[in-house]
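Each structure below is given as structure tokens.
Look at the two complexes coming up: subunit A is in both, with subunit B in one and subunit C in the other.
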Partner chain A sequence: MSTLPRPSTILLAAITTLVAVLLYSPLFVPIVSSFFTVSHGDVDWSSPTLSTYRALAGNTDILAALRTTLIVGVCTVVLSVVSGTLLALYYHGRRAGRSFLQFIIFLPFLMPPIISGLALLIFFREIGLERSLLTVVIGHTVFVLAIVYRTVLMRLQSMSRTLVEASYDLGATGWQTFWRIILPNLSSAMVGGAILAFALSFDETMITILVTGTQSTLPVRLWAMMRLGFSPDINALVALILMFTVLLCVLAARFLIPRQMATERN
Partner chain B sequence: MSGTSSTLPGERRLSLLVTVLAFSLPIIFVLVPLAIFLVYSFFSVDQGTIVHVPTLGNYIRFFTDPIFLPVFWNTIVLCVSVAAICILLAYPAAYFLTTLKGRWRYALLMLLLVPLLMSYVIKIYAIRSILGLNGFLNKALVALGILDHPSTLFVFNMNAILLTLSLLLIPFAILPIFLSLERIPQTLLRASDDLGASGLQTFLRITLPLSLPGVASAASFVFVLAIGDFLTPQMVGGVSGFTFGRILYSQFGTAYNWPFGAALSVALAIVVIAAILVGERFGRSRGTTV
Partner chain C sequence: MNQNTDLLTLRSVSKSYGTVPVLHDIDLSIRDGEFLTVLGPSGSGKTTVLRLIGGLEPLTSGEIRLDGQEISRMPINKRPFNTVFQDYALFPHMTVSGNVGYGLSVRHIRRKEIASRVAQALELVQLGRFADRFPAQLSGGQRQRVALARALICQPRLILLDEPLAALDLELRRQMQEFLKSIQREIKTTFLFVTHDQEEAIGMADRICVMQAGHIRQLGTPHDLYYKPNCEFVARFFGENNLVAGKLGPVQGEQRPIETALGRLVCSISGQPHLKTAPDGASAFAAFRPEALHLADAKDSSNRFSGTIADLAFAGSSTVATITAGTVDPAQRLRLRMPSRIDGSALKPGAAVSLCFAPHEGHLVLA
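Take a look at the complex of A and B:
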């Protein structure tokens, strides 16, 4: 792309900068307000403070919501990684009905969350399952399953068949081949999928609002608080969560990207 | 390794279990709920209880009531506009990324995707405070002399929904466009250059046509995400910014008419499926192999 003349490069760089500013401005607001006092839209730059972080430690309500979110996230990860991997292993061979079932798995991810959420809401009511954290976990698992499934399936497809054949040739049983050859090769894809699933579950709001019972996760709690306006300690929480998720995604990228780029080149 | 001697029956039992799970999980937790949902759209509500007798009443109401069709149409127009804004901003940015070399390219791509990690609710809240009367946007416009005094034009109306959704969804447009631009073989660009085309000609005749599949996927992504969102309109739309998602959501809250809400969801699903199919149809890259 070296054919571009310089003025157009400058224009492109300017637009990219604008996009970056637009994208980061909503992140900037809570992070700045977590360290400085803001009144009537004016930031008091003179007195940085950590009081919001101290206030956060005493906000039991929001910390309970955070704990709920983490519990839901962990349950979702376990359920979605186990079932996503099973499904990927099952559909990897050419089997009847695969494209249809695969389509069903992808539906909740493609459909607007309001539709998946409402469908589950009515489903839970029909089967008489009270709305609780269990229904939230089911909702999240159904939502993130497609991602885990796809991640693991892609790794399976890029795995050399000769590995499995060699294992059988050397006299290993199917069970041994699975534990010693297939699973270790899939593990980094499973970890990557797990991190993505956790990140999606952590911020899932729309399905959760519809299927949650009395205990709410953090995004739903924030949503409820937003009508009244946030207390400053929420900014501290959000800044911390952002740092944490960036860290998590750098980790996910480490597990997922190198292998995939290597396979794309072949 | 344990259990090597008893693998055969164990394996058979396991494979049976896996088969049952592989079919039952998606069917029970996805297909059955969606099917029940569809059936519900043919029910009705009488004094707060759902009447399980099939009727087309909900669909007739949707098409004949003067409220719903205009809101439906306005929401589609709104979301098409969101997709257009996102692409107009994302395309140059994605193009700029592909002009960078090696590590910088991916580092900057990551940088533009990081905002996706921020809590969705908090972003809406932050954008609302930026757009508000005391917000940064008004301050900047007044300081630049474009406005005499702060305006309420940007919050609690349709404009606010348009701006907020665009801001939230730009990263979803950058990624597919970037991937389609990156896939264009460099040899084509060099050939065009060798044959004496100017930079602009190469862009218009080679790069742009070959990146259109990415643009189509980006548009379909953004449109689907925008039209399904009921949080943003609820939060920044005020009284006048009424979207289809909000009406749908209210059927399950204040209006309490689940069957009608289910019928509205069917209408939404049809639009979404159409958008996904269009994106899929034009999103496939053809003839980029050399």
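Take a look at the complex of A and C:
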């Protein structure tokens, strides 16, 4: 950077700041305005208040939606982490059929969600599965599986093959090697993958709308609320979701950076 | 601990990866308690030998016997051998004592006993203070010693070491060589050490097995290999050497002449019966070490020839002269190593010199 002449450095800084402000300031508007009341369609900036949060806490619809979201998220995480890890273990180092399987796993993640959602909807109808939270969980799992699979596979590939050899060499059985060497070395990747999976499931909307029954998850609820007109609790809700998502991302990053690297850097 | 009994025997062992053969009909006996080094350039199959013995790879054909019992098909985790891997393969999520105790804990040995044996093993490799560290917090040499402690705690019959010093810098490598050798003497366990570094091999081994292209070329003490190489490859690979091609002449007792471009050179054949039986006129090389070659004085009569000094290189305690002689291929110059002198050498590049070596310091290898 220091190689650039000074005026261009200043110009560059100005442009960068402007872009950052334009792109990211809208994110802060709901957070800030969630602390003020709205009357006659206008924000009253004179008196900060927590009333929107109080209103949100009293909104049983939203609380029910939040509960549904959490149930779906936890089920999705458990299903996708278990199956993603098993798939990664099975296909690690195996050539035959691996690229085809990877293609299949990544397809729902890369396709427009509306296509994935419609495909699932048609599938559920064909096999006669009623739309319910179960179908939502299945839909989310299919969607997030790619992330967990990829995360675990990457860790497996970066794990030295000699670790497993050393374990056998020292007299361990296959089972002991799996539980004591392979799994502990995968665990942080699994936790990281789980957090990402949860975050994805948390705000997945399109597939959910298509395959859900009578219950709605938080983003679906939010979307319905927006259709009926702006309500101040929405600001509070958005602020809370934002905070929660940021927290998840920070956690995921912590688990996905290998511990060894982190220690070496210190 | 009788060095004359065979611990492990490989009989006509071959190994191929797919259709690519990497080992051809290897026969090798490892004696109980010895430090055996397998030495060879990369791609010679030396690591494959170690992996076959350790059970990390299946044999293609042949058999491996431990105390006379066939173990070729014994699974890796049942073999009483432990390996020190080239990359150490320490378990990153376990502490030093967790790593060292792993071999005991998978055998369900009582915790108390594990703790005391781990402490002993760490004491042996001088890492007692580091028991609670993680591998990432250790230096290369320390990791190396943890890997060694982890291998020897199970009291294996044989410890397999796969180029364990390759990743260390020169000074540390020297220290570790001495360290490994002293540990081996202390625990009296058989070591099979794989390396491509001949200095390492000379420094540590009781016996060296030289491999090339999937074959064992020679097996013997470092002294034997240095002074009685049995083939051109060993003569060239093992230490610096001068090789001059020629045709064998008739045997004269324990010596045999060879007609070369430098004239008739007489070399010792004592203790090498295959050189006695080789027919007259067979192609061979006269082999003599740079330190055996010296400037001739008036009383030297045999193995005398003249040459021109092409270059002089000061190498600390010794000085090496590169010499062109006779009609010897100019690409293949002779080397002469002499003690350095504080007042410099009287020789100058371009000087014509008369050279010779004593017949008992010259050897023959068949081409």
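Keep this in mind: the second predicted complex is superposed on the first by the 247 of 266 C-alpha atoms of A that agree within 3 Å, B and C clash if a C-alpha of one lies under 4 Å from a C-alpha of the other, contacts with A are read in each partner's own complex, and residues count from 1 in each chain.
Keep in mind that, in the parts below, a contact is a pair of C-beta atoms (placed from the backbone, for glycine too) under 8 Å apart; a residue touches a chain by one contact, two chains touch by 3 or more.
Worth saying up front: this structure is predicted, and the values here are computed from it rather than measured.
**Student:** Between subunit C and subunit B, which one touches more residues of subunit A when both complexes sit on the common chain A?
**Tutor:** B
**Student:** Give one of first, second, both or neither to describe whether A:185 is in contact with subunit B, with subunit C, with both, or with none.
**Tutor:** second
**Student:** Pick one for A:199: touches subunit B only (first), subunit C only (second), both, or neither.
**Tutor:** first
**Student:** Looking at A:128, would you say it contacts subunit B, subunit C, both, or neither? Reply first, second, both or neither.
**Tutor:** In the superposition, A:128 contacts neither subunit B nor subunit C.
**Student:** Which holds for A:160: it touches subunit B only (first), subunit C only (second), both, or neither?
**Tutor:** So A:160 only meets subunit C here.
**Student:** Pick one for A:171: touches subunit B only (first), subunit C only (second), both, or neither.
**Tutor:** A:171 sits against subunit C, while subunit B stays out of touch.
**Student:** Go through the superposed model and pick first if A:87 touches only subunit B, second if only subunit C, both, or neither.
**Tutor:** Touch partner of A:87: subunit B, not subunit C.
**Student:** Enumerate the residues of subunit A that count as touching subunit B in its complex and touching subunit C in the other.
**Tutor:** 173, 176, 180
**Student:** Give every residue of subunit A touching subunit C within the complex, in rising order.
**Tutor:** Those in contact with subunit C are residues 160, 162-163, 165-173, 176, 180-181, 184-185, 259-260, 263-264.
**Student:** Under the touch definition given earlier, write down the residues of subunit B that touch subunit A in their complex.
**Tutor:** Against subunit A, subunit B makes touches at 1, 3-4, 7, 10-11, 18-19, 21-23, 25-27, 29-34, 36-37, 40, 89-90, 92-93, 95-99, 108, 110-112, 114-115, 117-127, 129-130, 132, 134-136, 139, 167, 170-171, 174, 186, 189, 192-193, 198-199, 202-203, 224-225, 227-231, 235, 245, 248-249, 252, 258, 261-262, 265, 268-269, 272, 276.
**Student:** Where on subunit C is subunit A touching in the complex?
**Tutor:** Interface residues on the subunit C side: 54-56, 75-78, 81-83, 85-87, 89-93, 102-103, 106-107, 134, 136-137, 150-151, 154.
**Student:** Within the complex, which stretch of subunit A touches subunit B?
**Tutor:** It comes out as residues 1, 3-5, 8-9, 11-13, 15-16, 18-20, 22-30, 40-41, 83, 86-87, 89-91, 97, 101, 104-105, 107-108, 110-116, 118-123, 126, 138, 141-142, 173-176, 179-180, 199, 203, 205-206, 210, 218-219, 222-223, 226, 230, 234, 238, 241-242, 245-246, 249, 253.
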